[in-house]
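Got some structures for you, see below.
Next come two complexes built around chain A: one with chain B, the other with chain C.
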Partner chain A sequence: MDHSFIAKNPSVLVFLTILSLFTLMVTVLSEGFGIGVISTSFVKTLGKTLCLCLIAVAMDLVWGFTGILSLGHFAFFGLGGYMIGMWLMYERTRLIVVESLAQAEIPPTPAEVVDAIGNQIFGVVGSSDFPLIWAFSDSLFLQLALVVLVPGLLALIFGWLAFRSRVTGVYLSILTQAMTLALALYLFQNDSGLRGNNGLSGLQNLPGVTAGQDMVSIWFLWASALALGLGYLLAAWIVSGKFGSVIRGIRDNEARVRFLGYSVEVYKLAVFSLTACIAAIAGALYYPQAGIINPEEMAPIASIYLAVWVAIGGRGRLYGAVIGAAFVSLLSSWFTGGQAPDIPLGFYAIKWVDWWQVLLGVSFVLVTLFAPQGIGGLFDLWANRRPLDRHGANLGPDDGALREKEATE
Partner chain B sequence: MIIRLAPKRHSGFNYMLRLFLAGFAILCACLTANAQEGGLQPILQNHQEIIAKSSRKTIKPAIDAIATSGLPQAQAMLETWAAKNMWMRKTDGQFFAAEKAEGRSYILTDFDTGESVGAYEKSNLKQLKPNSGVRAMIATALVQFQLSDPDRAKRLAALQSIQRDPEGALLEPLRASIDGEPDADLKVQKHRLERLLTIGYDEDSAARVAAIEEMTDDLGVDVRAALNPLVVTKRQAAVEQPVDLNVAKMLIPGSTALSRDDAYDLLVANNLATPRVTSNDIRNALAGNINGGRVGGVPVAQLDNAAARTRAYAALAEAGTVPALITQADIDAALDPHVFFETYAEPSPEVTTAAQQALERIELKVGLNQTLDLTLDAISLASIYFLAAIGLAITFGVMGVINMAHGEFIMMGAYTGYVVQQFIPDHTLSIIIAVPMAFAVTFAMGVAMERLVIRWLYARPLETLLATFGISIALQQLAKNIFGTQARPLTAPGWLDGAWVLNDVVSISYIRIAIFVLALIFLLLFLNITNRTRLGLEMRAVTQNPRMAGSMGINPGRVNMLTFGLGSGIAGIAGVAIGLFAKVTSDLGNDYIVQSFMTVVVGGVGNIWGALAGAGMIGFLQKGIEWMNPSNTLAAQTYMIIFIIIFIQFRPRGIIALKGRAAGD
Partner chain C sequence: MSALLEVSGVSVTFDGFRAINNLSFQIGNAELRAVIGPNGAGKTTFMDIVTGKTRPDEGRVIWGEKSVSLLKMSEAKIAQAGIGRKFQKPTVFEDQTVQENLLMALKNMRGWLRVLFYRPSGDDFRKVEDLAAEIGLKYELGRKSGELSHGQKQWLEIGMLLAQEPRLLLVDEPAAGMTPQEREHTTEILVQAAKTRAVVVVEHDMEFVRRLNCKVTVLHEGSVLAEGSLDHVTSNQDVIDVYLGR
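Moving on, here comes the complex of A and B:
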């Protein structure tokens, strides 16, 4: 079975090989385990990029394959980060507190330790008590479960509400965007229990780990690569089977799939919740590498950028999403990091820090207009795989279906 | 009198002493009177030392003496002093008003005679520089003069100073000045202030009650500020029922008003019981009594839980080294013999009762007025949302084209207004020019966008969303590059400043009224265009059935272009209006885009009335939620969005849904 799956999808094997080679190469070149050509901060950037690739795979699954343009997946990503961040922050603060209380003459009671941790964590928002949502923050296992459960459950409830009332298309996009905005605004409050706009910080320090950041960064790179590999495999397996055919059918003509007797809502809900979980796992790996998470990260704009990556990379094919996310986010950090050379025009010098966003916006419009296949479409050219000539007939029955003109472009 | 009453049996010496003392008293009185007739300088000299040092803590007697001297020159003297123009002659310590003359010399003027006493070198003089605390006290002393000052502005300033800082001592001077007040308006104000001061400071309870009753119909914040301190209560505990206190109510320990723990704390605060031993105290006591690695027989290492600590502490208490723990039985025993009650700080029960009743009546009125104020606020917010969403209602609602760059059109309109103001300094004229300019700019932008991008994506709405989003980020960054990241001012004309104040509770700024009017104009304009013009007819035709419209000779491409331009242009005008009260930044559009979409979606697509209903609902909802939780506008937005998500469940097509063929499916 597994053999036939790989045989049917050679691109998966190619992808996994490239991913492992990449990971191996970075490890060899890194400071922690190798010859030290790549700096630790760049290793972190690469690790974070792998996490972004993973959420892009999730986005591709929900948008490219099921046709739901969700503008809320970064909210799930952020929630995953918050869930793991709560444990990291609690445990690290606990170690510090226990160490400092050990200096006292009388050994501390458990209640005193918890109070001191509360004081440390919530001092910035003028509080010292643990809110209810931190109830499980002392247990790594439970918080890891919450990484998947909280976003999954949120996606399940939201998706159930949205899909059962048959909200589709742009309405659904706007609704997901509103959900993201509501969540971000909620977390911005100081009394939301997650330290308001201060967010959670110091996440790069793993509690109880004495190894330096150069080692830790490589561990996270491995973990991210593993998660991306598994996520890719899962996504590829999902879309290759009968389930994949149904969700593609939903994308192309929802009403027809419904009339064929499939419960469209259940399929959509399953994909929406599953991708939310994948996004959350990506977030849980991303934020310990970033070191800090705050509600700003979950603003609606982030989710739209996610759509941009997938669109530029080429939706409807999993490797396209990965390429798009890696390409655009690395390019973006190159341009905004001030490394790109300015272009002097004589009367005006184009500073890329200022003009990168303009370039991104314009190229995005151009990609949408002229190359709906994105970068992934280049592989078709290379493989010389041309679409059939249908003599101008639409590929689907509806106005919204892919036109031949678009498919061939 | 002393002489007449002196009883015969007293000895001659005693009699003589009394006589002498009486005479001395009379002499002193004469001397004081003479000093006042002698002018200000002797008074100043009496307090020479404290005036020269002038500290807020010690200066009071001097200022009081000057203010109560009744001398007409006192006002000028106090003003000179506060203005740091009073100097001291070092040779004899006398005070004068000084004016800078040639070089380093100053011309001194006597306060009493008003005549110059000659010029002195600076080295012979010392300037008095009262600090701000002393100046404030001088200002209070000056109030009584200023209340009868011939200059109206000064009298008004004096009144305002009393309002800011009411004081019982000012009541009499204020009353005295009312009758002589020539200005009718000021007289009313003075009378009102006198009533307020009477409530707070009059010695006669009946007068205060009368004043309270007189002010019951007043909604002013100052009335409530005067009444509230009267009904402030304080919890107290005592051994038995007090008789001389103004008791608000009795409290029973263990009731909801007063828990047993609170009652015990009250006893502790009144020194009627021993303080509880907190867990902190226990820890400190244990830490202080470590004896050979053990506390009260318990090893230190075992003290990491509450039970062990209590055991160790009990052992210490038994040995008498620390006070014993307070047990529940101790608390019960302490509570029983005592009574608990709330008292008013104000001693007179008539006054507190009257104040309580007055406050209740005022609260009711304030509540009604707040509802009105909230309604006005909600209408104003709704018109802002309507204004922001009306362009979207055209492009999204009528054409079905989703335009994520709509917020950026609003932003461009606001920046157009800013640029126009750079060239035309007159605010009224610049706004009048900015409105059509903003329309023109965003109309052109909209037409260009429709031609270049949207036209190719009509069949793919999701991709329209993404493409217009790309335009949105490009435009935002472009605006940032051109205008910078800091907020640019778009100043409203002077006649839009200020607010329409109905009373202290209800007020609405003129800008918000103007925006309401603008929204109304747009509604009428839009109705007129769609229902009465050729373009409107063609627009509706193309919306309903583009192919049929095309076969009737309408050019759907042209109509779509114009419709999109119209929607964009209106967004530009909305931008000018929004820029007048919000700060103009490159991400101005972000604040409105989601709300605008919400407005259109909630209201119902394809219908201007839907946008109106949506804006009204969202505006009222947001204000309503803010009212329930006034400290938190973020939470209000969160709850509103959640409400909208749930609302969509029940009316997926919005409040006003199109039916039949017009619905498009």
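Moving on, here comes the complex of A and C:
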């Protein structure tokens, strides 16, 4: 990555500066490291938001740049969370079990310890044996590797099957959604080995760490900010070169790319799998801050929200995705958190907890119709870039192609 | 003469309709050939078969000195083997600049990892500039190709084809929608290109074909009706009946 990369993409530098300043500011205002203006729970909300921004960057790569409207990236996000959650839960339960068994007169055998851990974890689903998928849960290193490997491999296999058969457009979206739904339904079962609808909990407690949540929340904020910064840098680098040209070509007109001699399927597969890994890393950082993960998180609606964030932020520009995710998810927690004032109409009071989703849906439709460049498009006004007048013609024949209203000169 | 591309006995049926019927066709290295024929004669299907978009029901398509069959290869592999194709409608990547379009087409490694780490060398930039000069887009390199005029897009697409350095160029109606001056320029580019490689031009416009001044193959109902110089085929009674007489 030479210096000309930054020179050619000044928005990357701007983004990284803003991200650093934001992180510094939150740290200074936090309870753990600063003057305590921002509550620990709000620090967690901000940290989680950074993770959502990261998965939005991944979504923008796969949808905004490659034109694959994946409705399955939250499944990869959730899988990443499950993978790290398994270690967190195992290790913490082990510490508790060892401590409690230490009171016993006869020192426990290792088998007894494992049984006791299993009992603690799986008692809730009426079992006490460790399922096979927990085989590596005692090793932080292996579970960290699985955070990337499991979703990456799933994306690789799924993508290979789907892209090889040349499934595109809305059919591919339906397939990815079906995959997500199948995975969520499977995990809802008690014998799936991941505690069914109870999910994994207590993830906010890091085993062996005595520091309070006020400190831990800041650590995770830093880690999330670092991951977002690196993920953004990687994505910007990927789209800046010829690879970016090729995937944008695939978005707008994949047949043409094929006749140039590029194997479209391989490129799609590469982007799909890479973004699945980025989504998984985002998930692995998100769920320890959320404290709990259950299959509900992976329901198809989550992936649809993801597409909505990217669309509202502005498809095909990385900062747009970040802004969209941050803006909509923070607004969403404000509205659903009961902080937004009700609007009394006399005969009926609009309670935002109930009406927020309607507002989100309406604004999605409005943005798609009237401001397809999204919030990111506001920067064009400032940079004085004109929208393209193409007399209603989109930039390519494919379903995912950039629409006339999304393009700038 | 050893043929660069040899199509023999190829047939393809779409829902019972025989688009190509026992077609045989040969073209040598460095040859310019015009393919004409009425609508539905199978001109575009012929190109689809050669470029791998459509699989024929029977027949052989043999390519190059090593006589490899193209029938088992993917579109991307066929393109890498040296067959370039220009579509009827100008299809360039409209969201990208002329330079990006040409760089993407430039003959280089096509694997995704190579492409990911690829950064254009000075040599690549020079090649792109030369090509742009050749197709008359020297001063448009930084513009998004979506803003170009129809004729400029056609040239850009031809330029992208030349950048691929193919050994066989398949060109579908290059002169459609062009002004007379633009047609003349297009003719020059094609004739020039055919000096070093095989070029097959599918065209409706007889005036344009006459200017190309090359061997002509007339297709009708999916097979070759006549072949030879333009004067030869236009005096052929069958050709007059099915095509020119209308």
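One rule holds for everything that comes next: the second predicted complex is superposed on the first by the 385 of 409 C-alpha atoms of A that agree within 3 Å, B and C clash if a C-alpha of one lies under 4 Å from a C-alpha of the other, contacts with A are read in each partner's own complex, and residues count from 1 in each chain.
One rule holds for everything that comes next: a contact is a pair of C-beta atoms (placed from the backbone, for glycine too) under 8 Å apart; a residue touches a chain by one contact, two chains touch by 3 or more.
As the structure is a computational prediction, the values presented were derived from the model and not from experiment.
Ranked by how many residues of chain A each touches, chain B and chain C are led by B. Applying the stated contact rule after C-alpha superposition, one finds that A:343 touches neither chain B nor chain C. Legend: residue contacts after superposition of the two complexes on their common chain; A:260 is shown touching chain C, with no touch to chain B.
Of the two partner chains, chain C is the only one touched by A:252; chain B is not. Once the two complexes are laid over each other on the shared chain, residue contacts for A:18 go to neither chain B nor chain C. In the superposition on chain A, A:241 contacts chain C only, with no contact to chain B. Looking at the shared chain after the overlay, A:28 reaches neither chain B nor chain C. By the touch rule above, chain B contacts chain A in their complex via residues 279, 283, 286-287, 290, 295, 300-301, 303-306, 309, 402, 453, 456-457, 459-463, 465-467, 469-478, 480-481, 590, 594, 597-598, 601, 632, 634-635, 637-638, 641-642, 644-646, 648-650, 652.
Against chain A, in their complex, chain C makes its touches with residues 51, 53, 74-77, 79-80, 84-85, 87, 91-96, 100, 103-105, 110-112, 115-116, 118-120, 144, 146-147, 160, 164.
Across the interface of their complex, chain C is touched by residues 238, 241-243, 245-246, 248-249, 252-253, 255-256, 258-264, 266-267, 270, 388, 390, 395-396, 402, 407, 409 of chain A.
Of all the residues in chain A, the ones that touch chain B in their complex are 67, 69, 104-112, 158, 161-162, 164-167, 169-171, 173-175, 177-179, 181-183, 185-186, 188-189, 191, 300-301, 304, 307-308, 311, 354-358, 360-365, 368-369, 372, 399-400, 403, 406.
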